[in-house]
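Several structures are given next for inspection.
What follows is subunit A paired twice: with subunit B in the first complex and subunit C in the second.
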Partner chain A sequence: MAPSPRKPPTPTAPTTRRALVLGGNRIPFARAGGAYAHASNQDMLTAALDGLVARYGLQGERIGEVAAGAVLKHSRDFNLTRESVLGSALSPTTPAYDVQQACATGLESVVGLANKIRLGQLESGIAGGVDTTSDAPIAVSDRLRRTLLDLSRAKTVGQRVAVAARLRPKDLAPAAPRTDEPRTGLSMGEHQALTTAQWGITREAQDELALASHQRLAAAWDAGFFDDLVTPFRGQTRDGNLRADTSLEKLAKLRPAFGLGLDTPATMTAGNSTPLTDGASTVLLGSDEWAAAHDLTPLAVVVDAEAAAVDFVHGVDGLLMAPVFAVPRLLARNGLTLDDLDYVEIHEAFASTVLTTLAAWESDQFGKERLGLDGAFGTVDRARLNVHGSSLAAGHPFAATGGRIVATVSKELHRRKQAEGRPVRALVSVCAAGGLGLTAILEAA
Partner chain B sequence: MTDTYLNLVNSGVTKKLAQQLGLPQPAPLRRYRAGTPLVDGPVLVLGRGKDADALAAVLAGPAGGAPGSTVLDGWDLDVHRHASPDTRYAAVVVVLTDVEHPDQLAGPVLATAGVLRGLARGGRVVTVSREATPDDAPALAAARQGVDGLLRSLAKELRGGATGNGVVLREGVPVTAPSTLGAVRFFLSARSAFVDGQLLTVDSDAGALPASWDRPLEGRVAVVTGAARGIGASIAATLARDGATVVAVDVPAAGEQLAAVANRVHGTALQLDVTAQDAGARILAHALQRHGRLDVVVHNAGITRDKLLANMTPDKWDSVLAVNIASQLRINEALLTSGDFADEPRIVSLASTSGIAGNRGQTNYAASKGGVIGMVRATAPLLVPFGGTANAVAPGFIETEMTARIPALTRQVARRLNSLQQGGQPVDVAEAVAFLASPAAGGIVGRTLRVCGQNMVGQ
Partner chain C sequence: MTTVVLPSVPALGGLYARGAAATGRLAVARRVGRAPRTLPDVVHEVRGVRADADHLTAYQHLVGESASDRLPAGFVHVLAFPVAFAVMVRPDFPLPLLGLVHVANRVEQHAPVRLDEAFDVRAWAQDLRPHRSGTTVDLVAEVRVGGALVWRGVSTYLAKGVRLAGRPDDAVRDEFVAPVPTGRWKLAADAGRRYAAVSGDHNPIHLSRLSAKALGFPRTIAHGMFTAARALADVGAVRGDAFTWTVEFHKPVLLPGTVTVRVAPDGPGTAFAGWDARSGRPHLTGRVDPLR
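Showing the complex of A and B:
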């Protein structure tokens, strides 16, 4: 790889130790309004924790810390993770805190706890994430909210009447939760449609990626790969969004859903975009000592992580393109190139998110002008990309996706190292709302 | 599952009505709770010989015998050697090991008869006798085989939740052998609540008395298949209560209930289809890696696909055989050849009374369950060199989700068709499994113990 314009700082202080991924558990992901239509975030996160506890025999165990979060959250769930811990089979003396970094929440929970373990602050941790769009919070309108608050402060009957008189019928309409970008008013799909057009990604390429995702996830389920990664919940035993029998023909029949108002052909459909999904995931982390004391097999080491953000409001970069910048910095700091990675996990927010990311890395011009390299950053071997499928097939319960990816790829890393006996590495990349991106390197333990 | 009829005939006006009408009157059964006495009252030990004396000495001896003493740890019971008038006995142990002629049965049997009317509710009659063999003199064989018919008939006469069971010793097995004492204690205790009219053979003096009768499985690691619900969940809970670390196994689709079971018993959940070719290796790897050893395997996973044989389809036949017997054979083979299942290992398999007596519509199920009985008989000798054994438990009508689906009237009739006139609870099966998994069962080799309340069908 070409040298960066500035010399990267020396990595990893010598006083830190390894932070290990020891296992994971999630509930099958379900399409919004499906099997988990009446499950709360707390129900699902508790179930994911309890499945993890059962798999690893952690009943009554005081874990160092549990960190998890949700993107769509009721205000009453201000202590969601701690409440879920209290409802689980873990020791009630297990501390917990909530994390929120949009779709990067799950991965940020992993990175944060791993860093605490590396520093010696923690011996063990459980990272997680959960989201439901079926049980999403619905708020009252801002005018109604302000009126109600003013009413509570009004002292006389006259004041109360005056305040109440401000209300108009339309103020009574509930405000549904929105994941649109607050600064542009565009949905994530419309943002990605702009990026898709900018990079000229074809419909066929997107459908092919979606098909591969479904086929690979289905194969992994059929092979029993998820037997020790997933615990069923409320009758859902497999990912509800998975379409094992889909085909390019079927995908080609779907009508475009995003980018309909652009000059270029609309290419993004429900088939090559992730659906609204409910689900929860957890990842068990620990030090070597803690793993040995609990007879747990280390699967992977959390090596390093890098976040990035793009100025999607004023700049030329698309909303979900931040990982394009994070990964070159992350790999440079660790003296690695794309060729050194055995697995590349790029969260499939949309098929085109993955494809625009790869296109940017393959572009000489982008490499020179935006990444400060001598040329293109590099090419990802498709055989190493999302090998057991990703969000297009599994679905994407926002905060739960990071944990799904980390647990899945950690098991795969361990399996590969057992088979080949050499160092095996993976890159995990998650884009997020607000122009955020979080990326991490994992290595087989 | 609630047995409404049982509740009705044990309370108030309906109790009186049932008595006047001469309807069956099933009694609530005494069930084991840690810390409660072995039996609720004095125990009468009948029999004149050395064996009776030795057994009486154990039953009456002080608990926690002196360290280094050769005297067996006693059970601290109130033991009588002669029936006292007006005494309500909690149990009668009839030692018949020295009978040589049918004429000699009269003494101890008629002495037993004298106390039966005063037997406590939930009382116990336990015979201890020797196995009749073709090599015996005809009179000896007649006397010994006579005990079989005697015990089975006596058990059918007992009421009030009392049971009668027999321990049959093979030639050379002492009355103080671990498995003799283990079996006598099991039959005396509330753990055998739904075992009735059964004769359990002790094959050798192998096995060991547990350090604690309340936690005989302390330090042992046990795998239970089909553990997500019903009898399997109860087995997991019972083994854990007895001190075992439990690996709860069930198909991935049952994972939610399986996780709840594992969390309740403080064990680990292993989502696994037992019919997978590598199931044995995966079970062993999980147990060794997570818990350092594997001592007990309980093959409980089973399915039914009932059809009259004339209507049987290959998928219904094949799936039942695959889950209920072929998987057990394959897992056992993997364990036996691994070298890591060699420290007094125990295999306990779930058979069924259908596999003994047959059941209309269950040719596939009965073939698989009969297969289990044959399998443990042939597998146990392979484990004996390691101090191990394999045995089976054959449940009769047990109150589970499965039997709750039987039509109401048929279910009512099925429940009453045994000497205890009620269905058993999953825990009754689990208690028998736990006993056969315990150190004291080491001398019971390849046997099948029925937990059926002495069902009217079959042996």
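Showing the complex of A and C:
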């Protein structure tokens, strides 16, 4: 059949519009081996999604796209997010995809979906993240895996015997996932201990930050701030790691856990480091039109985002210092300074991660030599830093942290704008394994 | 100078057996005052050497290199060095093979060697010279592709307690001060056997506690070139296509063992060091620099 003569279509140039945070829902974070010890990533992500569906009346709704991920993921969970959607009350016609950017997974899910909304590809999206260290995947050793694969390809009995004969008893030992950096062999805590020593961060400063995190998170729970952000799961009603009654005295008694082999005194303890945690979080995103059609109140606008990475392998910068470089680029692009931010959310991988970040920004030398500025980047007003506590108190189920922060700070931005009627902005900064960092600006809608 | 063309790269295993026998003969010859005191004036050559893809992959996985089709400089050493080794097991070689210690290695890579390229290896011994604890010798291997020199390796070996003519120069080694680490290698008990499998270097000191003990070591020790190859892999792509890779081996790494390392930019290139965090004593130090 001859092609019909018609004018080639002329696609309209994409126009950008606002991408809104409309709400969020997570399950309380539990300490590893606690209430969610036998819950899988899919169980927890589905629970967080269903809580979001219930809270915003999305039963049977076809959402534009759901993007979520887990850092520690079994290979059978190749479609973790789609499988969770299929198990949720969302319409089974809701598409989904998995994201993985280490601890920045949750925030990257938000940024990616927000960009699609801004481009008009999506009207709505749900970003999320989940992680379990209690139900972590355990793999067979590389030698056993290769032997089994070669065995499946062997054609003759002789070949099979030859392949099987390569196996040694110790090849049968399982390989648990490790949090060591693959290229350096150092754990995240050992890396941060090097950075902590480099910047001379004291034990007292770290313990004070940890205490503030617990006190602020406890106050937020007591004030009912999380009542419309968290849905209880498996008997867990609050974040399991929260110690409302901790004190500087109690924190000071803990023995150092990282940096023991360095020349400087070890300062990082279990109290000022984030524990292994299980949990899941979700964030509801949409366009203005979609929000209006669903009678949802816009909380915040996802304004912009910037990723960075550092060469920690060769000791040029500390493993968790990438946000130090991302934020100055992000703010400059948007014509903002640290003083223009009403809230600064810096993920507390360790108390000293926050403190080394602040120290680098306050350093004239670092500003000039590494950031290419005229002097120090600036100082963060501590009253604006992690106002409702952060990962030290809440815990840090790796991929779930981005969603926790975005939902929490979006609600706070909305509340503040309602009260003061002026533009209110927040910075979100998440460091991640592999020397990665992801940062974003949110503004009250 | 005589050129001996070998049909193929010899297997190191057989060379060790011949070397052990030669060591015995040399001991007898020395007692009767007939031991050779100079290096044989000979070049060993093998033409048309090709790498095997599975062998390359196994090497790259073990030392932490990306699985590129370019042969890591340490892998070229694995393929070329047995040709030089064959010089050491000749009856006219003046040092006993058993007990030779690899104390330093220098590689100049002028251009990458690709998996699909055939190359020629020429190797000889040179610079027999006194050392404060014995006698050292350089084993040189050159690799050419289409006649062009692409890789040159100089492996320095020490024969402890062997005194030939001359006095050592009194070069003082810099005292090692452990720097800020950038990483750590955890080497398993079988690290020696695994590197032996990809390098063909089945020296008993690397294979089992029993065989290592028989040769005077408390435990199995890691191959020096394995640690040097890991350091080169840690340097990464910044090394470029043409570079020098030098390493000095100090205290052997006992297996299983942990080596604290620093691999960091230094001057025009990258310096690396591996040491024992408890004693502060170095296992290896070296550099990778662009070749101009």
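One rule holds for everything that comes next: the second predicted complex is superposed on the first by the 430 of 445 C-alpha atoms of A that agree within 3 Å, B and C clash if a C-alpha of one lies under 4 Å from a C-alpha of the other, contacts with A are read in each partner's own complex, and residues count from 1 in each chain.
Convention: a contact is a pair of C-beta atoms (placed from the backbone, for glycine too) under 8 Å apart; a residue touches a chain by one contact, two chains touch by 3 or more.
All values derive from a computational prediction rather than experimental measurement.
By the touch criterion defined above, A:V316 reaches subunit C but does not reach subunit B. When both complexes are overlaid on chain A, the residue A:G261 reaches subunit C alone and has no touch with subunit B. Note on subunit A: of its two partners subunit C and subunit B, the one contacting more of its residues is B. Legend: residue contacts after superposition of the two complexes on their common chain; A:V53 is shown touching subunit B, with no touch to subunit C.
By the touch criterion defined above, A:G224 lies against subunit B but remains apart from subunit C after alignment on the C-alpha atoms of chain A. For subunit B in complex with subunit A, the touching residues are 248, 252-256, 258-260, 262-263, 266-273, 276, 289-292. Of all residues in subunit A, only 181, 183-186, 190, 194, 198, 261, 312-316 touch subunit C in the complex they form.
Partner subunit A is touched in their complex by these residues of subunit C: 64, 180-186, 234-236, 238, 260, 262-265, 270, 277. Remark: subunit A residues 47, 50-51, 53-57, 59-60, 89, 224, 226-228, 230-234, 237, 295-297 touch subunit B in the complex.
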